[in-house]
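In the two assemblies presented below, subunit A is common to both, partnered first by subunit B and then by subunit C.
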Partner chain A sequence: MDSLVPLFVIIPLGIAFIIPLIWQVTRGVFRFLPGAGMLAMAVLAFFMLFNLGGESIVYKVGGWEPVNNIPIGIHLVADPLSLMMLIIVNMIGLFAALFSIPYIDKYTGENYYYSLFSLMVAGMNGVVLTGDLFNMFVFLEVSVIASYSLVAFGSSRDELEASFKYQVLGGIASLMILFALAMTYWYTGTVNIADASEIIRSGTGTGTAIFIQLFLLTGFGLKAAMIPFHAWLPDAHSSAPSPVSAMLSGVLIKAIGAYAILRLFFSMFSLSIEIGYILIILSVLSMILGGILASGQWDYKRLLAYSSISQMGYVIMAAGIAMVVLVRGQDAGIAALAMAGGLFHMFNHSIIKGLLFLNAGAVEYATGTRNLKELGGLASVLPITSATSLGATFSIAGIPPFNGFFSKLIIIIAAVQARLYLLALIAVIMSIVTLAYFMKVQRHIFLDKVKSARFAKVREVPWLMSLPMVVMAIMCLVMSIMIIPGVRDTFLMDAVNALLSIK
Partner chain B sequence: MIPYMLCFVLFLVGLYGVLTRKNILKIIIGLCVMEYSLYLFLAMTGYIEGGAAPIIDPANRAGSVVDPLPQAIVLTAIVIGLATTALLLAIAIRLYKKYKTFDIDKINTLKG
Partner chain C sequence: MKGMTIIVKNVTALLAGLVFLYGCYIVLHGHLTPGGGFAGGTIIAGSFILLVIANGIQYFRLKKEKEESSMFEGAGILCFLLLATGGLLLSVPVFFRNLLPGGTPGELFSAGVIPLYNIFVGIEVAAALLSIFLAFVIYKTEE
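So, the complex of A and B:
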């Protein structure tokens, strides 16, 4: 099964370069190519996850075997956590790619759109698979450069401005990460994550390690848009074409932000209470400020973008709780519970936020605006969009039996067990705030009365746009089965054990 | 130690430029300065006192050579830097065509 691992990078990269070459021949068919590739990769990742049984496989690129136990060459590591991330990335990618087919029709240069889209997925797949720090940086740059140009794809005033802000802040973040990488190489003499971890954990220079960690936290915090590093996210995520927003908010900030933080801070560095508290403080700020700022928005997609900041706070908070618990020497089971909640919420949020951004795209496609003050009474004319959006709203606000309820519940239980009662309280309150601002969306877009005569001719979106929305809405409900012990063990707990290395 | 410190100072100079300048092109130059300070830093981490270029010489295998890995990393990083800078400049040109200015204070349609 080793030789299947590089396929996750080869397939999207191949599609990205084939599409512009043969676009002119049969353009109708090749619009489905990115979606087909991602479906294949999602199925492959699922198959590998069930066949590995908690083990991890290492693929050595170019066949360079370690010399004297010192790894040379690049290693791709497929462990349960990477495979779980691969399933998320490719599944949301599949839905967004199908949604794009009618949506992107109005733009020129469709072939470049699909090409950049595949390139972005290739980069994200690489980031979650790689076991090499510099390789991670390269794949990260591949995916963010593709996303910079996708944000600017419509090349209107807003999109260009948003893309420029995103590029400048993203550029600073990348350079911070590169600096941390250079420091790591200087300190340990290796860029292999597993190898560096041994040297850092056995070494004495904790000061240097903390210095590197702070740079990494700033860099990946900028990529994950944690407050106070969030300035680019609302602009970029609301200006981009909707399927791209779904990818950016649904998976990009997770794959290159949250995943990288979890992987490097839990698997590479020795755990420290300071970093645990910094993670908790950043996440609480993100949760509270993101929620408050979202409540004041009147642009549908901007509201969703702020909501993403707030929800990512839950994921990082769970990681912070896990780290604090482990360092304090409390029961490792609590740390595992917190981490399981965090990963589960990350999984759920990518489905929910992907669905909500596709809803926003459908509303914009049908009516031509996304201003909450202009819209109203769309429930009768857009029944599918309205129903799926209601499902996503219940899910993100944490109403049982939707999946969002269970992931938030696990995080809150873990916080209580870790005796961090204030965090549990904040998580509950922010869940209510989430419900409040999504009820505002429901009321102003789908309920209420029709405010303008020009929405009289609005019709439901084409089937290629409604199909992904319906499937994702069903998944919002069905993913609750991950809470059942048998499913939880193969899917969630293996990933947690891979991350925390508890057996 | 001093050369490493100077690299860090150069990094901060670039960061200062990015954060304080109002002209889009100066922001891009600031990012480039940050990038170059990192290339320097990476190249220095691999340097060994008196080391030769890392090319195997069959006649003289005993001599010490500098670490080739950071050099490979710098080359890759330069290529990535080229891509980001080219994209930034392309966006800057499009912005100038839309707004007729390079001043970021005048390019502010997105707020809130």
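So, the complex of A and C:
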């Protein structure tokens, strides 16, 4: 099984570069190629997760063995957390790739679209798999540069502006991350995460470590769009083609933002109360401001983009709670609970927000607009879109049988147990605000009376677009089973243990 | 753009081949001397760019040229990936394994597959830089 690990990078890279070469021959078939590749990788990741049983694989690229216990090559590390992220990335990628087939038909240069899409997935798979800091940076650049081009894919004025803004801020973030990596290399003499963590944790230079962490937090905070680093996200995520928005909001900000923050701060650096409080403050800001800003939007996708900021706040807050609990020396069980809630919410949010962006894409595809003031009464003409959107709304707002309820509940319980009552209160209030602005979406798009005669001829979207939406809506409900102890242990707690190193 | 004077055209016609050869030299000696696939590829792309600048954009059928260079770009990186995957498929399954014998350090035919990697990287970089340049030249007037 060890030799299967690099397949997660080989498959999407191969697809990305084979598509432009053979596109002219039989284009009809090759539109399904990215989806097929991602299905294979999602199945593979699932298979590996069940077969590993909480262990992790360290794969040495090129067969370079460590010399005097100092690793010299690039290591790929497949532990339960990376495998869980791989499942998220490739599953949402599969749905978005299927949705793209009819959606992207109206654009020119489809082959480049599929190529860039696969490249973005290759980058994200690399980021979550790698055990090497510099390799992480390289894969991160692969995925964000592909996403810059995808945001600008429609090449109208707004899209180019959004892409440019994204490039400038993304460039600053990459520079910060590179600088932090250089500092780490200077301080530890290695870029291997496991090796660097031993040196940092046994060393005395806590000041240096905090300095590096602040740079990393700024860099990855920009990638994860935490407030106050969020300026690029609403433009970029609302301008991109909808399946790409689903990828960006659903997985990109998690895989290269939140995942990197969790992985580096929990596995590499020694935990510190300062960083814990910074994470909590940034996340609370993101939750509150993201939610309030979302409430005022009249552009469907822009509202969803602000909502992503708000929901990512929950994930980072859970990480902050876990860190504060561990540093204070409280029960490690509380930290594990908080982290489980955070990871569960990350998983749920990627499905929910992927689905909501696909809904937005379907509405835009059918009606040609995404302005809430123009739309209305689409529930009767777009039944599938409307029903799946309602499911996602209930899920993200935390209505009981849906998965969003359980993940938010776990985070709130952990906050109460950690005696951070204010955070629990804020999480509850923001959940209600979330319900409010998604009810606004439901009312103005699906429920209100029809405002314009031109929507009378609207038809339901093609089956390739509705199939992913239906599957994801079912998953919103079914993923609640992760709360059942047996499932939770294999899927969630192993990932938490891999991150917090609790056995 | 009509291109530059006859002096420039003739001099670049003489120089471009030398620049191209120099790029090939850098690529092939990537494992022995400073440079390698990326640096050599840049120089190879430079020789083509030199010709385009000197002779003007009307002189060549640039759109066809760009399609071809895009194709080479894809092919170059695909060969690279195949070579890396070859290490995974043959005998000991390790990604990026050095398949070929090492040879004597310092000779041209040494270091196993690294010269091959350099050649593919050189093709990829040359084609990519040329594509970028041609894209700027071709699409500069489109709104």
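Definition applied: the second predicted complex is superposed on the first by the 503 of 503 C-alpha atoms of A that agree within 3 Å, B and C clash if a C-alpha of one lies under 4 Å from a C-alpha of the other, contacts with A are read in each partner's own complex, and residues count from 1 in each chain.
Assume a contact is a pair of C-beta atoms (placed from the backbone, for glycine too) under 8 Å apart; a residue touches a chain by one contact, two chains touch by 3 or more.
It should be emphasised that the depicted structure is a prediction, and the values quoted were computed from it without experimental measurement.
In the superposed pair of complexes, A:14 makes contact with subunit C only, with no contact to subunit B. In the superposition on chain A, A:302 makes contact with subunit B only, while subunit C stays out of contact range. When the two structures are aligned on the shared chain, A:61 is found in touch with subunit C, with no touch to subunit B. Of the two partner chains placed by the overlay, only subunit B lies in contact with A:164; subunit C stays clear of it.
In the superposition on chain A, A:195 makes contact with neither subunit B nor subunit C. The part of subunit C that touches subunit A in the complex is made up of residues 70-71, 74-75, 77-78, 81, 84-85, 87-88, 92-98. Contact residues of subunit A toward subunit B in the complex are 134, 138, 141, 145, 148-149, 152, 155, 157-158, 160-165, 167-168, 171-172, 174-175, 178-179, 182, 185-186, 191, 234-235, 239, 296-297, 299, 302. Residues of subunit A that touch subunit C in their complex: 3, 6, 10, 13-14, 17-18, 20-21, 59-63. Against subunit A, the residues of subunit B that register as touching in their complex are 11, 15, 18, 24, 27, 31, 34-35, 38, 41-42, 45, 69-70, 73, 76-77, 80, 83-84, 87-88, 91-92, 94-95, 98-99, 107-110, 112.
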